[in-house]
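One chain, subunit A, links the two complexes that follow: it is found with subunit B in the first and with subunit C in the second.
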Partner chain A sequence: MVKNKKTLIILIAVIGILPLIIRSDSFHNILVLLIIYATLGEAWNIVTGFAGQISFGHAAFFGIGAYASSVLFYKFDISPWIGMLVGGILAALVALIISYPTFRLKGSYFAIATLAVAEIIKQLFVSWDFVEGATGISLPIVNDSWLCMEFHSTKLPYIYIALGLFAIVIFLCSYIENSKMGFYLKAIRESHEVAESIGINTTNYKTAAMVISAFISALAGSIYAQYVLYIDPFMLFTLDISIKIVLLTVLGGIGNVYGPLIGASILIPLSEITRVKLGGTGRGIDLMIFGLLVIVVACYQPKGIIGLVDKLQRKAKKAGEGKVEADS
Partner chain B sequence: MLGQIIINGILMGFIYALVAVGLTLTWGVMDITNFAHGELLMLGMYSSFWMFQLYSVDPLLSIPISAAILFILGVIVYKLIIKKVLGGNGLTALLATFGLSMFLKNLAQFLWTPNYRYINGAMVTDNKIVIGNIILGMPQVVAAIGSIIMTLVVIRFMNNTKTGKAIQATALNRSTASLMGIDTDKIYAITFGLSGACVGVAGALMSSFFPIYPQSGSLYSIIAFVIVALGGFGNIKGALFAGLIIGLTEAIGGYFLGTQFKYAIVFLIYLIVIQVRPKGLFGW
Partner chain C sequence: MKQILNIENITMKFGSLIANENVSFEIHENEIVSLIGPNGAGKTTLFNCITGFYKPFSGKVIYEGKDITGVTTYEICRLGITRTFQIVQTLKEMTVEENVMAGAFLKSKSRKEAQSIAEEAMEMTDLTKKKYILGANLTIVDKKRVEIARALATKPRILMLDECMAGLNQTEIKDVMNLCLKLKETGLSLLVVEHIMEAIMPISDNIVVLNAGKKIAEGIPSDIVNNDEVIKAYLGDKYHAKSQKS
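Our next item is the complex of A and B:
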């Protein structure tokens, strides 16, 4: 059962109509990245927001997805759509394999383990000749086609592909949130011991969360690779990507299905606009300002934007109640 | 040949250990994952570089100055940022320190360009110690000795001074410590300053044989995370031993499997050890 189905449908419809109204390439570019990152945030949210297991390694799944579809397309002419699925399955398998040993760890020990796994995968890709190692892969350029997921004259198809995935993911997340699994995951987040004592198989549920999350992240990775048409291990597997995912979800509101979208809507335009306006100097002013803004948000709005909305709502409600009392 | 590699690994291990000691202090005492730790190290390296470049102060002599600058910087970071995010959940603090790391990295790039810089002609440069067929680079030996001394100073400070004991008490239980009349706010500021001083010393020691550039701290901060977790959060002795293990792993693994895999092996060792000791070597 999905609560607030209507809100979600309206939200996605609005995002779908926006690029038709504002027809600027830079806006479309921001929108594609924004939706991809929001999808990643949703995926991360399942593991960290719902189940409370902090992952610093989601870039690994993102990268695996990007590599799977790119390698299949580049070496074997296989459509990225199939590659996307292969990437998702591969990432889910990797998640399954690493979940067992890492989920025995708690708190920061787990977080550092995910970071370590991502770094190992990065090193492997850097020295793996079959996937062109550190050189990276430039995807073959073909005419606009849905089958090859390449569009050069307009960015609109990319927006709708990414939005399609995002729509499925956000529905899935809000379904999970209100399902038995969601409640189990939240129980694990609140207290691991209590969850275990009432008979929840914590390892299985945490692993399931990780596998779903990895699958989604990999799909987003494939779309990203098809969008930028060039990939290398340093841009995909870096800690920076993993942290960016953490950053936007925490910024928007962790553990909330709207959180990643809100966070991405603020973070991605901000970083793109500062990059375009100030990045040309090559002296890092854009990232300096970006870093500063992140600090300010963390210091003054620790519960994320959604926390701010909640606060305002409660205030409005209180004011309303006050009025009713005054009337009677 | 292997002897040479083991010695190199041990020397590097002590330097890693000092960087990790700084990190484990803030992590263990305040439960703050400081993503800007590597950037503080980078600033420590730059401060020694500029003192050498502008006032021709040898990096060895600038150790106390770097330590002092980074101590003050640590306190400022605490007062301006960390203090505000202490109450929230761990991820908020992480966000703040990640933002700080981005800010500092790019500030360094803005002020000093992304160029690699080296200190040429320092006291220790180009000197070697030859024992049998093992050749030891003087800068590495001095850096290792300096790191050992600083680590011992920190351990002594934590165990034998009133402030050190107050830090430990605060780490155990903040509210109880404050009931006992400890000014926990001041203790946190000192802890952060001390953490800064550690990388100030490490930075000064490393500046004579490592390239200095805005990203130079990033790699060490990831390795330091692994070392801290391997040793057990907040455990200084753990950080020292884990540092040595990581230094050795990196050197020996890099020798047998190729240098491109040396960091992969470092992370792999963490994953293996943590299976046996899920809370680090010295954690409980």
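Our next item is the complex of A and C:
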């Protein structure tokens, strides 16, 4: 676990230094999005990777976060930092309301519920005048300020805000993974019956995982809204975002703290580059390529790219052990 | 010896099918009770009723004087009754150690503490050497050991083993028998469902025989092997030597 911590610190430091070396706006743009998506992936990973409950509706929490901070900032001049927390709490509440009843049922009810709820929330925001309905909200432009989380001359602060959140989240995830909660969530993922038989209140643990996950997703949503400065229901509550979160985590390695980062580092540059190079005609090409990668991974290494790395490491270790045995 | 678990007139129905009918027996502190009977006798159903997987149609389960009928499975485990499964349910993507630790976390909050509880349980079940192997890659006997170790790690007072010897070879069965006796020495009570008579008879303090949902006999092993009802249930009337004579 100590080794794990060191690796994480080095990893975050490297991501922190990269934008200082490569000073290109497009690179910085990719990096902000990449970190935000990696954060979402981490959040999704808690529910699906650890606890094995498939959520197809994480865009809902992402959107709630984006809307909460934007509406508070746009209507009441409240700092997005506070809006971020409010969004997190709201998303957590919504998660609680959806998960508690659905988690009491076995099977795929939860997956279906998440899908439906995300769509319901989208329709709600489309027809809700207070939040400007389908027109969306253009955030008021102010001078660069940390308090208002707006920076126009450089993207660096966004990178560091997003990276800060990502760092907290990845440490939280690795903490959860090694704690009682992590063991319990994994036990639930592997076998519901066993989990119950060894004294785990499965409903409560699954719900807790979902609440934490929704909270994190909403924080990422607020940062995203402050970054693009314009939000509408169609860009936030789309299945597209939910699916991207799923795909990138699956490709990187489901149930592993490094998985989402690896997946995001492939998917986000891919989608940004195809978008820039091909424009409107290239829509969806990134997902086609990505889909192909996911199929390849699913066929050869269901645990994703990180699973491949683990496998090679284990092989190397085994070869080493064999040698020691042969020597003795 | 003090009674710790009383099964009182448990009846369990699935639609019109009666799986258990008026079954009663007790488990005392520090004893091994075996539940035997032909296939379909309702042994596993009774197990599920006791551990909260099913809510019995009527009857009561009393644990240390408290009525625990219909209490959820995880609460029953927290009270001190832990079961294993007939169809082994190893947590596949977790190592042996992690499997056992998942059980150990019931009585501990910290990882270190859980690790030391798991260590003990693995020592008891001969798994220490295999602790880094993934659950999915174990042999059947080791999977059964993991089942027992994981249940043990929750530090129960009553351990319920559902056919933990089925599919094992002679030496492996001997190991499990020794394990049962070792566990009894540590002060546990065991409720064992089993088909293999030569394994059950030497270790049991008390045997309960079910047939077609009903309890047909109860007693010490030497009485059970000579019980007419039991022999009939296992061999059928036609092949029961004594009944042919009469």
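Observations, loosely collected:
Rule of thumb we're sticking to: the second predicted complex is superposed on the first by the 283 of 328 C-alpha atoms of A that agree within 3 Å, B and C clash if a C-alpha of one lies under 4 Å from a C-alpha of the other, contacts with A are read in each partner's own complex, and residues count from 1 in each chain.
The definition used in the following text is that a residue touches a chain if its C-beta (ideal position, glycine included) is under 8 Å from a C-beta of that chain, and two chains touch if they have at least 3 such contacts.
Since the structure is predicted, the reported quantities are computational estimates derived from the model, not experimental observations.
Taking subunit A as the reference chain, the count of touched residues is higher for B when subunit B and subunit C are set side by side. When the two structures are aligned on the shared chain, A:G284 is found in touch with subunit B, with no touch to subunit C.
Shared-chain residue A:V294: touches subunit B; no touch with subunit C. By the touch criterion stated above, A:L270 is placed in contact with neither subunit B nor subunit C.
Legend: residue contacts after superposition of the two complexes on their common chain; A:K186 is shown touching subunit C, with no touch to subunit B. Applying the stated contact rule after C-alpha superposition, one finds that A:L93 touches neither subunit B nor subunit C. Of the two partner chains, neither subunit B nor subunit C is touched by A:L156. Subunit A residues in contact with subunit B (one complex) as well as with subunit C (other complex) do not exist.
Every residue of subunit B that touches subunit A in the complex is listed here, in rising order: 27, 33, 35, 81, 84-85, 87-96, 98-107, 109-110, 113-114, 214, 222, 225-226, 228-229, 233, 258, 260-261, 263-264, 267-268, 270-271, 274-275, 278-280.
Contact residues of subunit A toward subunit C in the complex are 178-180, 183-184, 186-187, 189-191, 193-202, 255. Interface of subunit A with subunit B (complex): residues 54, 101-102, 104-106, 108-109, 111-113, 115-117, 119-120, 123-124, 126-127, 239, 243, 246-247, 250-251, 254, 283-288, 290-295, 297-300, 302-303.
For subunit C in complex with subunit A, the residues that touch the partner chain are 51, 53, 72-75, 77-78, 82-85, 89, 91-94, 98, 101-103, 105-106, 108-109, 111, 114, 135, 150-151, 153-154.
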